[in-house]
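Once you scroll down, you'll see the structures, which are given as structure tokens.
Each of the next two complexes has chain A plus one more chain, namely chain B in the first and chain C in the second.
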Partner chain A sequence: MVDPVMTLTTVEMVEASQIGMKSLAAALAVVGTGVAAAFAEYGIGSAAVGATAENKDVFGLVLLLTVIPETIVIFGLVVALLMLF
Partner chain B sequence: MLRAKQMSRLLIAASRDQMQAVIRELYRQHICHIEDFVEDGDGEGFRIGMPLADADEISSKLIKIRAIKNTFGLSSEDLPVELKRSARDLRALVDQDLPAIQEDVEALVGRRQKLEAALREHEQRIKELTPFTAVPIDLGMYRGYAGFSVFTGRIAGDVEISAPHERFFSDTVPSNFIAVITPNDYREEVEKDLLEARFQAVPVPDEEGSAQSCIETHAGEAARIREELALIQSRITEMKTRYSEFLAACDELLTSEVEQAEVPLRFATSDESFLIEGWVLADKVAGVRESLDAVTGGRVFVTELEVTETARVPVEYDNPSFAQPSELLMDTYSRPKYDELDPTAVLAIIFPVFFGIILGDAGYGLILLAASWGLGRFITSDAAGRLLTVLRNASISSIIFGMLYSEVLGFALPWEPIIFSRHLNIGAHATGHGPEITGLLILAVWIGIAQISLGRVLNAINHHHHHEVRGVAAQLGWLAAMWGILILLWSMAPIPYMPDLTGMAPVVAGLNGGGVAGALICLAGIAGIACESALELVELPTIISHTMSYTRLVAVGLSSVAIAMVVNYIAIGMLIGPQLEHFSALGIVLIIMGVLVFILGHALNTALGLLGGGLHSIRLQYVEFFTKFYKGGGIKFNPFGIKSKFLED
Partner chain C sequence: MVETKRGPASYHYVCTRMRVRKSLLIPKEEYLRMLNMSLPEITRSIGETGYKKEIDELATSFSGIDLVEVALSWNLAKEYQRILAITPGALRHFTENYLRSWDIQNVLTILRGKMQGVAAGRIKELMIPAGMKDRAFLDRLLAEETPERVVEALKGRRIHQTLEEGLPEAMETGSFANLENRLYVQFYDELVRDAMSGIKGGRIFLEYIRLEIDVKNIKNLFRLRASGIEEEIRDLMIPGGSFTPRELQVINTTRDRDEFIDLLKKRVHSPPLKSALEGLRKKRPIREIVVELTRIQLDQMERMSKRHPFSICPIFVYLEKKKHEVLNLRAITRGKESHLPAEQIQGYLVM
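Right, the complex of A and B next:
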């Protein structure tokens, strides 16, 4: 004999927990890619500042190199958005 | 537009006695980019020229003027021009007035340095004497004992000393003061006790009388010196206001004379003649020829040389006025080469549009528009002015997109979004259908496809210009590979806002007609790319990654919307709203906090929006768009001469 109220509560709980899991997965996507992008930019950025101090003309080029890894976090953000909505 | 201004390569030759006249005329015209002569083995007897005779003398005068300008802290850029002087009058004045001004300034500066040193000395003495004011003993009494030792210094607190001694302790001065006198026999014991109490010795100043009276004498001297320093400073200021324009004009005159005197270092010269190679805008060639003929009485030979493929042609932008501020963004990356397409005009249109798509909020747009207008009133420098114009265009675009998205500071405008909605459901009671993420992402991908295709087409045009068939084939190959992959994808799964080819009948290996066509186009494209260089094939994944990169237009924008809506929810939904319903004393504090959160949150988000919108839009141009066709590395067209500011032409 199955209690209908109990079943309803269980279904609601499962749904809520699924939403929570989804949000956690989205957060993981952003956190992981964010850390990765930051780590990549950390090295490039410090080298870029050094290079600019030596020669101002390379500013455009090194800005470009510094922002290249940012695509990683954008992908993370896109994946998170697709998961959430 | 899309090409640099046409340049002509000129060769100017004349006998040496015409050199000065030619230099002066070229300088005045300010239109010729001189190419440095490089001595190589077969220079046919030509050597690098020597500076004109009076170069040394003018340089040393210029150094003096710059030294005075430095003393005054003058910058020619900030000075308004009241009257333009004639060069001849000014030259006479330089010889007549300058030595006297220089003497005065040097005397004043020398005196100021001496006084400043003396002032420091007195201040140091006052500092040394201050601890001794705590004990009523004349300074002379601390010195000159044969049988006694004297300890003076700072200490944490009064100290018990076991050996026979006499001591004065005072806590009326900062870090306290102690003076201990003891027979020489007990010296070491006393010293030990003192050191244990963390005693720091202070030497007795070499003065007579009471410490207080010494301090008064020094303070009096210091005050007198300060007065004199103020007097000197006011005289320097007075001289600065009187001579600033004269000095700036002299600086300009002598700078121009030094440049003219030293320019022969860039010429090829023989014993009797000299040669100048340079670049002039093609439409100015006739004018240069005529004016040089006029000043030399026809004793000059001017001819146009052929522009070879390898020539390093200087580049002068040729853009309509709306695109000129964006030249700054181009120069930050790299100036275009003479023989490639100049994308400034494309950048000038696309950059603000991207900025608008990302920020897309009428409120932030208005704030940035006001900021660019307000800053523009204070900033006079050319580069900053251009940057502000770019910002202005970007903010206007942001306002327009804000109206389309129906967004103002994270709130909705009184109408439904005209294009895709970016409204998130934030807060406990949020209702609504939420953002149209898929539509927005696909719009961004479409923009990416369009811009990357444009980049490839521009590169094909560049290659066509150089008659490089393989290059053109490779670019068409890249286009085919990208569109082939797209068609393949459309045939495999239905994607909203994109053509749906899934309905076609299957042909082979699970692919339908569209899929087969897409795969074939893609393979043909790969063959085209390999035609130029097989190594390029390792870049194939960039087709996907660069296109996907355009989704940042949506992702960065949505994060900015999220911050704005969260700020609104905390400030109004949680702090201000409930308090307005049930008024109380605590409520007023919470309302003030809510207002603060609102202002700070939106200020932060405006800054983030400016950074995010600006950097990501420019990055899409630099990384995703320019890498498809643009090389850069052109030389700036830098004509010989300066624009006179303080001198008559």
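Right, the complex of A and C next:
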């Protein structure tokens, strides 16, 4: 005979585990895209500082170019939010 | 000053700076405009570009053509020193080695001047302190009385032994040509050895240096042909490129021009250089050939710098292009002073 208390505990455990896995996946999405954006900005930022050192007029343009990889993090964030809610 | 840590960030930083500086060099249209100006107009025009500071600084001591020449030399020297200051790690190591050719040029200028009894002040005007030996050291060399004392003062430097061995012959014959050849052979030999020592970026540097050696050797072969020299030329050639001095000797003895071009094309790897050699089958003045080969060399270097955007290539391309800008401006001003027609001056410009 099936123990109703035991069954309930198992279902709760599975549900909790699912929530945990979702949170982990969301965290991975944000961490992965964050690292990727940082890596991209590392190169672009160095080149941007070099270009600005020679010609201050390009500051606005290179600032825009430097933040373009931030869009990757936004994608990661959206994926994470979709997973959580 | 930029932190000279190793890593890609510093490569991105320096290479981008070089690219921006390259884009600010005088364009072809400006040279063509200058060809139609008078000397004072050219001086003013140069003063409005990146040479303003030097022209203003030196205007009280020099005038006319001397002002332009000294200002151009000073600007080139300062620019090269500034590049060294922002270049990190392995890039700095290669750049320093490459700029040592200016040290050879300056030391030879001092030796030639001392041998002919030229005043120290006049020799100083002709020097371009763009290499690793700073102004103070060059001033100390200038203060020496005789060429022997100059060589003695260089004790402990890389070029000392070659200078010591070659100086007696140079003093006896009154010509530093052989000594100069030996110094440049040693210079390129050290560059090739450095590039092959396994240092980071060495492969690209080697590719670059080999191209330069090839173009230099080919130019010299054309010069030797123009002068009708057929004897032993191995000592005049620079080893380390696509050709060995022995092969160059064989090529030089080939009298038939088509065969000569075919032999050169056989060993040259770069397609633009091959097509440029094809265009040289017809007899042309040596000046035109040298300018054409220099232009091809610069184009090739430019291509390499695009293939390796964050390497030593963008730095060297800028160093070379800056040098040719100075040489072009000098050719225009000297030509104008000698009242040469604009078309003739244009033939000397590498654009």
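Following the convention adopted for this analysis, the second predicted complex is superposed on the first by the 85 of 85 C-alpha atoms of A that agree within 3 Å, B and C clash if a C-alpha of one lies under 4 Å from a C-alpha of the other, contacts with A are read in each partner's own complex, and residues count from 1 in each chain.
The rule we apply is simple: a contact is a pair of C-beta atoms (placed from the backbone, for glycine too) under 8 Å apart; a residue touches a chain by one contact, two chains touch by 3 or more.
Since we're looking at a predicted model, the values are computed, not measured.
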Requested in this report: Return fit or clash for chain B versus chain C, each positioned on chain A through the superposition.
Outcome: fit
Query raised in the report: Quick one: chain B or chain C, who's touching more of chain A?
Result: B
Report task. Please work out whether A:Val14 is in contact with chain B alone, chain C alone, both, or neither, and reply first, second, both or neither. Result -> neither
Query raised in the report: Touching A:Tyr42 in the superposition: chain B (first), chain C (second), both, neither?
Result: second
Query raised in the report: After superposition on the shared chain, which partner residues are touched by A:Met6: those of chain B (first), chain C (second), both, or neither?
Result: neither
Query raised in the report: Is A:Leu64 contacted by the first partner chain B, the second partner chain C, both or neither?
Result: first
Report task. Return first, second, both or neither, reflecting whether A:Ala51 touches chain B, chain C, both chains, or no partner chain. Result -> second
Query raised in the report: Centred on chain A, what angle do chain B and chain C make, from Cα centres, as a multiple of 10°?
Result: 50
Query raised in the report: With the two complexes overlaid on chain A, what is the closest approach of chain B to chain C, counting only CA atoms, in Å?
Result: 6
Requested in this report: Return the residues of chain A at which the contacts from chain B and from chain C coincide.
Outcome: none
Query raised in the report: For chain A, which residues are in contact with chain B within the complex?
Result: 59-61, 63-64, 67-68, 70-71, 74-75, 77-78, 81-82, 85
Query raised in the report: Which residues, counting only chain C, touch chain A once they are in their complex?
Result: 8-17, 20-21, 24
Requested in this report: Quick one: which bits of chain B touch chain A in the complex? Just the residue numbers, please.
Outcome: 331-334, 434-435, 437-438, 441, 545, 548-549, 551-552, 554-556, 558-559, 615-616, 619, 622-623
**Report entry** Residue ranges of chain A in contact with chain C within the complex
**Finding:** 42-43, 45-51, 53-55
